[in-house]
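First subunit A sits with subunit B, and in the next complex the same chain sits with subunit C.
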Partner chain A sequence: MTADVTATLPPAISVAGLRRVYPVKPKPVTALDGIDLEVAPGEFFGLLGPNGAGKTTLIKILTTLLLPSAGKASIFGFDVATEAAKIRRIMNMVAGGEQSGYGILTVREQLWMFSQFYGLGSREGWRRVDELLDAVGLGDQRLQRVSTLSTGQRQKMNMARGLLNDPWILFLDEPTLGLDVSAARAVREMVLAWKGAVPGRTVLLTTHYMAEADELCERIAIVDHGKILAIGTPAELKRRVQRESVLRLEVNRLDGGPAVLAKLPGVVSAALAADNVEAGTEAQRVAVNLVLRDDNALTGVMAALGAAGSRVLGLRTSEPTLEDVFVELVGRGFADEADAEAANAGADHDHSHPTEDAER
Partner chain B sequence: MTTPMTTPMTEPVYHPAFDGNGFDPARAEGAGLADTRRHMWTAVRLGWQVESNWTDPLLFFIYTVAKPVASLLLLVFMVQIVGGTGAAGEAVRTFVVLGSALWAMLMAGIAGPAWSVLDDRERYRMLKYLYVSPATFLLVLVGRGVSKLAVGAMGTVIALLFAVVVLGLRVDLAAVNWPMLVLTLLLGLPPILALGIGLAAICLQTRQESWSYPEAFAGALFLVSGVVFPLSILPAPVQVIGLINPVTWWVAGVRGAILPTGASSIGGASSLWTTLTGTQVPDGAMTIAVLLLTGAVSTLAATALFRVSERRARERGLLDLTTGS
Partner chain C sequence: MSTLFPTRETTADPRTDADWTGRRAFETNLRALVGRAYPRVRGMGREPSWVFFEILLPFLGTSAFVLVYRALQAPEAYVGFVVLGGAMSAFWLNVVWMMAGQLYWEKSQGNLELYFAAPMSLMAVLLGMAVGGLIMSGTRALAILLISTAIFGVQFHLTDWALAIPVFLLTMAALYGLGMMLASLFLLWGREAFHLTNLAIEPVYFISGLNFPVARLGALGAVAIATVPLAVGLDAMRQLAFPGMQGLEGTPPPQTEALILTAMTVVFLVASQRLIRTIERMARSRGSLSIRWQ
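On to the complex of A and B.
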């Protein structure tokens, strides 16, 4: 993967002791609380973390939109605070879920304006815009006004803007937020194809879709409260929870919810599986993801279930997923956030069931 | 490198547009002056297309034609009532018509960059993308200001035509001091835009309620720049503001070039200028010299203010601040 050219390059991202405090009333918010991170050229790097963890703040600092409160950060060796102009020529960013754009312009015009800001020649700009619109599958909409685009089309346009300057590093902040299954996939395909076309191209992605991170990222950092809790390849992260047994338990009912099980000795965590059919209180089948310190703890769980009158309908060991890692590290399941996520995510169903994917 | 664990659903599809130019460090350097010209010109074009209401004929008519003509008419009627008729009334009327027509252009140039900041940040939500592009932010705003100024200048021309055709304003084209007119018009552009940039710097720091700032500031300036009445009727301390303000000298210069025999907004009996210098009114050369001086000072001051403001905005996270969400 690493061609000779990338070996001679400085780190794509280098961050040391990075802190960021927002001076807001009544109490300043510490969004980043001492981040150390190094991303090599050519890496596909993911940032996972709950809402408010500080992911967007980190991206804003790395893209020169925001200054750090303390610490250092550099992109391909250029300091974000003092060499912003250089960084801006070799990076680009795309955020998801935004209604941004000069509505009155056509897609083609808006992108052309940016091509000029990125220093392309006038004619070269038009050519580049048309070629990118074709690549992102927006060729038919190129003469449409920006204001008339659907969310997915707008995001494709944003992707095209993000690629205009052939960036060395691309920052993607929840790029598939609010996209349907096929539009989200199209964006992922595009990013992978673009990155694969030139060795050394680097991507930093944030997402709330565990499967997306698992599929795309070579390395992932899990952040919460402005700190990196764990960092590694998806496989390494999963091995962290492999020490424990990860089980999927299905019962006919569970009075008191998974919290009852979580309190039992030897149980690391118990959370409703993301794919639970939570139709009313009369649910016939409740699926719980259990993480146990060791298999012995299972005896206690079974006894407790028996005492509570729950009938066990199924019990499977499951491969740990990123979600399990996330739950263990961050301490609150995405199950809690699944509702909000589903609302945001539209119909991206194939990604809201990471557990099932991994069970096969 | 590890491969993803799940079965890849994603099939990357190669496209020639994804080819790249590699990692030549020179790419981080840019093309210097050529880039500057391109960025500036693109910003002008962007402003022209996004903000000039070209595509909406009604809006265009209202802002570019109806507004300047309406404010002109308003002032002219007021003069009519107060100043009466006769030669003196005629002189006052001409004075007011010229000032008011120029105001369309001034207003656009002074408020333009600030409106660009507010529009791009709140409405289009593109400010952050412009900001993290290689184009110098200051330059982009100047470009946007230029396009506003150009549209404003059309309003000025239309208002003047209206005054000549409908109100019977008489300008003796043979008497117009053309070199002086062209020179003042040009020398006035940097300070007008500088005031606009200064105002943009302030609006960058503020939240949504600052929509009214540009107009309020321009309105206040209107009163102390000798646009529709001479400075001499103002209290002396306020006259100081008028005299150090390049807009005053620009308006006086343009007016003086068009009507060499007309009244001056600066000197005259009981004016601070006359008290200070002992001369009745500043002559053409003096007007241009002071315009140059005050223009240079305000351009430097506005640039410095903008630098500070930009830095603070980056420190405080104001560049993508939206009150809407």
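On to the complex of A and C.
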């Protein structure tokens, strides 16, 4: 396909006024609250937001698994509500931590089974599976049972499954969730290689890993509480906080957390850095990303830290990250969000499930 | 790596790729059926323990009834009734455990949303499960039949093969049609399925007359013949395998029972197709059913 042909295609994703309300008790939950979005054919688009932001709900709607409560959404011009069958022929999806399929099958057999669901001929299916296994680096595991794969290998297999039908649009829902650094990198490289091979291949990625979104996506929408807060290229988004001073501050302790600093005059935002604590060591180190209106505000920060008995271990200016953008937009960082969720986790979800299935 | 990824014609258009002919859609469903049957068939070879659990253990249960009938000096045909019933129990267990509860397990594993998102009908998946299950349990039934026949010296007097074969196939169609319908219902009822699965086994064995002629149940047997495919199929096959034997009188002739099985097959298949449509509609509107942990 040439670039000109791509230009004549309808938007890969078009979303207007999309709302989704889950009718749960005691009161309905609004997962999407009026989303407008357009993704061009061939674009690598990211949805960035904390857990519960509405990213997965949006993917479920776009992959025809869920109907919108209001608004419109279409994939390459096909309406998600009324033309689901057509969309399913040109898309695929892969989620992080996916445990689909049957452990009793070999990797090769499992992928062949899925190829049949997409209508590939039997021989064509085996050929395609072998090609993809080589492409994702699982050639040596092709005859290994699915149940014996490591988490990283399993996710590579899931990626191969997502590419079986050579989709026009690939939905990736937290595809590197739970993977170690090298496995996550392998998945990212794989997606980039696949997308770059043919113009027009489109990817929608949801993630709450800022660096992943920054590395992969041509444009990013920052989502929280069912709304898009900002949309643009990573560079455009970062420029939103470029006018302020962005600092990384490291102290030995921070009683009351970053919220104490956020209240100080001239401080735009303060959030724990993702790598904030070296737990288990005597010299504990707390890292905070600070966004200041101007450098003068630093005097007040230092005074407050001294008064609280915190010793400054390090201070350096840093380039703004997507996390800084997020913190400025929503007033909290992902680390704070994760802490809050961890505190509430446990009772809400019953993840016990049946264990008996002869095919597993 | 990247050289392996491009496979599509460079002039392709997503709108063209999405526009399938009816034949292509049909072929995809057929392939999906084979694809879903595949793990069941492969699983048989991968887990040989099923020979012990699904052939030898049920054979012990069948043997117990054979010994009781012989101790009571019951007509020898009763031994044949029990052996045939033991073989047929394989199909009912398969329908209950690997058909009825299957969509619920698939949801728990995260497979169901992938099935929904693929360009195939969920009916193809259900039929694939049925065909795979039929091959599994057919093997088991045949093994029980052959072992029991060899050990207990059962003499079958099957002469009307032209009727026996359609009756067997109709019994399978009705049984697995029921399984497909139950699969949708169990998915709707969620965890209640576990209790229903347990509840369904022994009562159906009893009212189907698995170890005795169903006619002995009187009115209850008549109800079973009208509603339970295992009961009517087993009775028809007993009449064909042991014609004129004592204990089989009082139920409709096998020709009539074949018609009952035909009607059951149609009803169960139509009902399962409608239920699948209902489930997909509910899944998409409520955000439950297809999606894991909701």
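Worth a mention:
Throughout what follows, the second predicted complex is superposed on the first by the 300 of 360 C-alpha atoms of A that agree within 3 Å, B and C clash if a C-alpha of one lies under 4 Å from a C-alpha of the other, contacts with A are read in each partner's own complex, and residues count from 1 in each chain.
Definition applied: a contact is a pair of C-beta atoms (placed from the backbone, for glycine too) under 8 Å apart; a residue touches a chain by one contact, two chains touch by 3 or more.
Quick caveat: nothing in here was measured; it's all calculated off a predicted structure.
Once subunit A is used to superpose the two complexes, subunit B occupies space that clashes with subunit C.
Of the two partner chains, subunit B and subunit C are each touched by A:Q99. In the superposition on chain A, contact of A:L216 is made with subunit B only, not with subunit C.
In the superposed model, A:T233 makes contact with subunit B only, not with subunit C. In the superposition on chain A, no contact is made by A:D275 with either subunit B or subunit C. In the superposition on chain A, A:L132 makes contact with both subunit B and subunit C. When the shared chain is aligned, subunit B and subunit C each come close enough to touch A:E189.
Contact with both subunit B and subunit C is seen for A:K60 once the two complexes are overlaid on the shared chain.
Counting contacts as defined above, subunit A residues 1, 5, 9, 22-23, 41, 60, 63-67, 76, 78, 85-91, 93, 98-102, 104-105, 109, 113-114, 116-119, 128, 131-132, 134-135, 163, 166, 168, 189-190, 193-194, 196-198, 200, 357-358 meet subunit B in one complex and subunit C in the other.
Residue ranges on subunit B touching subunit A, taken from their complex, read 1-2, 4-6, 8-23, 27-31, 35, 38-39, 41-42, 45-46, 49-50, 55, 124-126, 128-136, 140, 314-317, 319-320. The residues of subunit C lying in touch with subunit A in their complex are 1-8, 10-15, 17-20, 24, 27-28, 31-32, 34-36, 38-40, 42-43, 46-47, 50, 97-98, 101-102, 104-105, 108-111, 113-120, 194, 283-287, 290-291, 293.
Residues 1-2, 5, 9-10, 20, 22-23, 41, 57, 60, 63-67, 76-78, 84-93, 95, 98-102, 104-105, 109, 112-122, 128, 131-132, 134-135, 163, 166, 168-169, 189-190, 193-194, 196-198, 200, 349, 351, 353-354, 356-360 of subunit A are the ones touching subunit C in the complex. If you check the complex, the residues on subunit A that touch subunit B are 1, 5-6, 9, 22-23, 41, 60, 63-67, 76, 78, 85-91, 93, 98-105, 109, 113-114, 116-119, 128, 131-132, 134-135, 161, 163, 165-166, 168, 185, 188-190, 192-194, 196-198, 200-201, 211, 214-218, 233-235, 238, 350, 357-358.
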